[in-house]
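The following blocks contain the structures, represented as structure tokens.
You will see subunit A twice below: alongside subunit B first, and alongside subunit C after that.
Let's look at the complex of A and B:
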């Protein structure tokens, strides 16, 4: 798994690539936690973390990966931030539907729409 | 051998040249995690394949009834490939013609990707649809993760063993751990609204959703999952 971190204004975008399984799920959690920490430490920034998880290149995700999405959602919400999912592939969408989590996450098909969520 | 063998990644295959690619895939992945340069990785890989081919062709004469086992020991500067014969791997086999591929791992989450490599390669050689292959892959990873994390509590001295038993009409996956076991009925329902936002507890649910049947034996330390080649509803 590889994760590229981008910033667009006050929005953080993580482009995730590969398989989010096993130890890589923990690695993704640690990257998201760093972003949460960085947002909390940014004294001048009034906005809390606005996070887009770009899943376009995620080939596969297991329950550990799903758990990371849920944990990130609850932590970011607790810190008054927001998280949305971008470009869910068929198998990732099925996984989220199966786990009855579709109502929890805001999902978008284009980056412009996802960014629009925060405006 | 004691401590060193404990850390070994074990791959057991029927003695058929068609399975050598699995050895190559696993060795390649293990080498990727080492500090060997690319040329050295290539040399070690070739040596491993030669050793495997020799064992399958010359020692076992491509008799698929004979199992061949490779112990791969990734340490800082060495990778040892040895071959053994073993009858332990046949204990869950129900038919004479079934082929058994076994992967046995020290209990570290770092090794889950190896299970993914093996199950992906095995499924490529089957007639399961792409969607079904994805389901089986997920179920295998959930089972392996469950054994490593919850069964063996990530104790690297305890092993997680994953067997793939290939029959003409079905694939059976048997996962064993060395933990204390659990009772399925006592595991919370992840779809219960009270549990929806929990960050764990979905593994068994996903295994059951992806496979035709999942059974728990020996107090949950053995999980047996079956997927039939012809979908049940189509019969």
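Let's look at the complex of A and C:
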């Protein structure tokens, strides 16, 4: 798994590529945690984390990957931040549907729409 | 990752026999036929366990143990001595020098496997904790590590006791369960709770997260369920109350998926609510499979979670199969690494497996599970569990599991 971190204004975008299974899921968790911490440290600006997880190039995700999405969502929300998902593939979508979380996650098909969520 | 066992014996027939016995259990087996090459092999590539013959020419087993315990790379590798002599003195000497267990020749091959698994079960937690502690600094002594490993063992023992030893006997139904744990403490759990003479509560769940915190959450959910199921009737209300309880008390990283339902033998209905768990299958006599989806979100992460209840009717011969994602997410080979793919490619049963199949079928998946179920509906519930485990082994090329697996099969008598 590879993760590329981009910033657009006050929005952080993680482009995730490859398989989010097992140990890779933990790696993704720590990358997201770093972003949460970084946002918290910029206390002066009162900036909260606005995160887009771009899943377009994720080939495969398992339940540990889903666990990371849930844990990240709750942690970010507790820190008054927001997170949305971008470009869900069939495998990931069905995991989220099975966990009945489609109402929890805001999902978008284009980056422009996802960015629009924060405006 | 497959665990490696170094087998040391000067009798080549015994080497071959042990190798043939251990490899199908999912272990990687290395061999050495004398003490010196055993020490050399153990130093260059430390195994997870050594099966060591005592009576060998030149250097005997005791000497090998002493040498290995003096070498940094091998001092923590567990050793099982294999001795022809049944004398207490030998056993004591062996254990004194630092061996972990012994087996007496002639041995029963099943005993060998059982002892290997028992010793690995004891030492696995230490191996797992060691790097973790090293990463945290030097504050932990060897003794502290052993204590921690001991606590993990104790937790595992308590947890095992909480799981029903056998499926309940219910008139008109055939019920079987299966649980395979990948580590000493399991995240998967199930329970059967008698509610009245004709009703039984059935739960299957999977706590996400790992280690002791996950095990504690499992105990909490189980206890809450046992108390609540006598107060509330609708499975949805029970899941809602458990959810709210867990949300309050746990960290964000901990949550569970679970299905809870009530099997009523008077009208053969199964009334359930599915909290974000992988969909159980209901196989009906007309060869249809429906998935039991109704319920709500996974348990313990969201305060706003709501749940609904649904029911299905079990006609004579109908089957309901509950499972955890450790089954559907079983990967090819050693958790989808390249070694695993090779073992599939060279397997004689893989004529029809091509590159595409390997790429698209990294996981066993719900469809294959449904197919396996449909093909074996004439079997008893326990034989059906076995058939599924065999199919998993065929798919993955290994009998070992990397995630916990749990399975409940309920079949209504014809």
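Here is the rule we use: the second predicted complex is superposed on the first by the 119 of 119 C-alpha atoms of A that agree within 3 Å, B and C clash if a C-alpha of one lies under 4 Å from a C-alpha of the other, contacts with A are read in each partner's own complex, and residues count from 1 in each chain.
Throughout what follows, contacts are C-beta pairs under 8 Å (C-beta built on N, C-alpha and C of every residue); 3 or more make two chains touch, one makes a residue touch a chain.
Treat the numbers as computed from the prediction; the structure is a model and nothing was measured.
When both complexes are superposed on subunit A, subunit B and subunit C end up clashing with one another. Of the two partner chains placed around the shared chain by superposition, neither subunit B nor subunit C is touched by A:10.
A simple residue count on subunit A separates subunit B from subunit C, and the partner touching more is B. Looking at the shared chain after the overlay, A:99 reaches both subunit B and subunit C.
Once the two complexes are overlaid on the shared chain, A:78 sits against subunit C while remaining clear of subunit B. Once chain A of one complex is fitted onto chain A of the other, the partner contacts of A:24 are limited to subunit B, with no touch recorded for subunit C. In the overlay built on chain A, none of the stretches 60-68, 96-104, 168-176 or 186-194 of subunit C clash with subunit B except 186-194. Residues 19, 21-22, 60, 62-64, 67, 70-71, 73-74, 98-101, 104 of subunit A lie in contact with subunit B in one complex and with subunit C in the other. Of all residues in subunit A, those touching subunit B in their complex are 19, 21-24, 26, 60, 62-64, 66-68, 70-71, 73-74, 91, 95, 98-101, 104. Across the complex, subunit C meets subunit A through its residues 206, 208-209, 252-253, 255, 257, 276-279, 295-298, 301-302, 325, 329, 335-336, 362-363, 402. Considering their complex, residues 19, 21-22, 60, 62-64, 67, 70-71, 73-75, 78, 98-101, 104 of subunit A touch subunit C. Residues 108-113, 116, 134, 137-138, 141-142, 145, 190-191, 196-200, 202-203, 205-206, 209 of subunit B touch subunit A in their complex.
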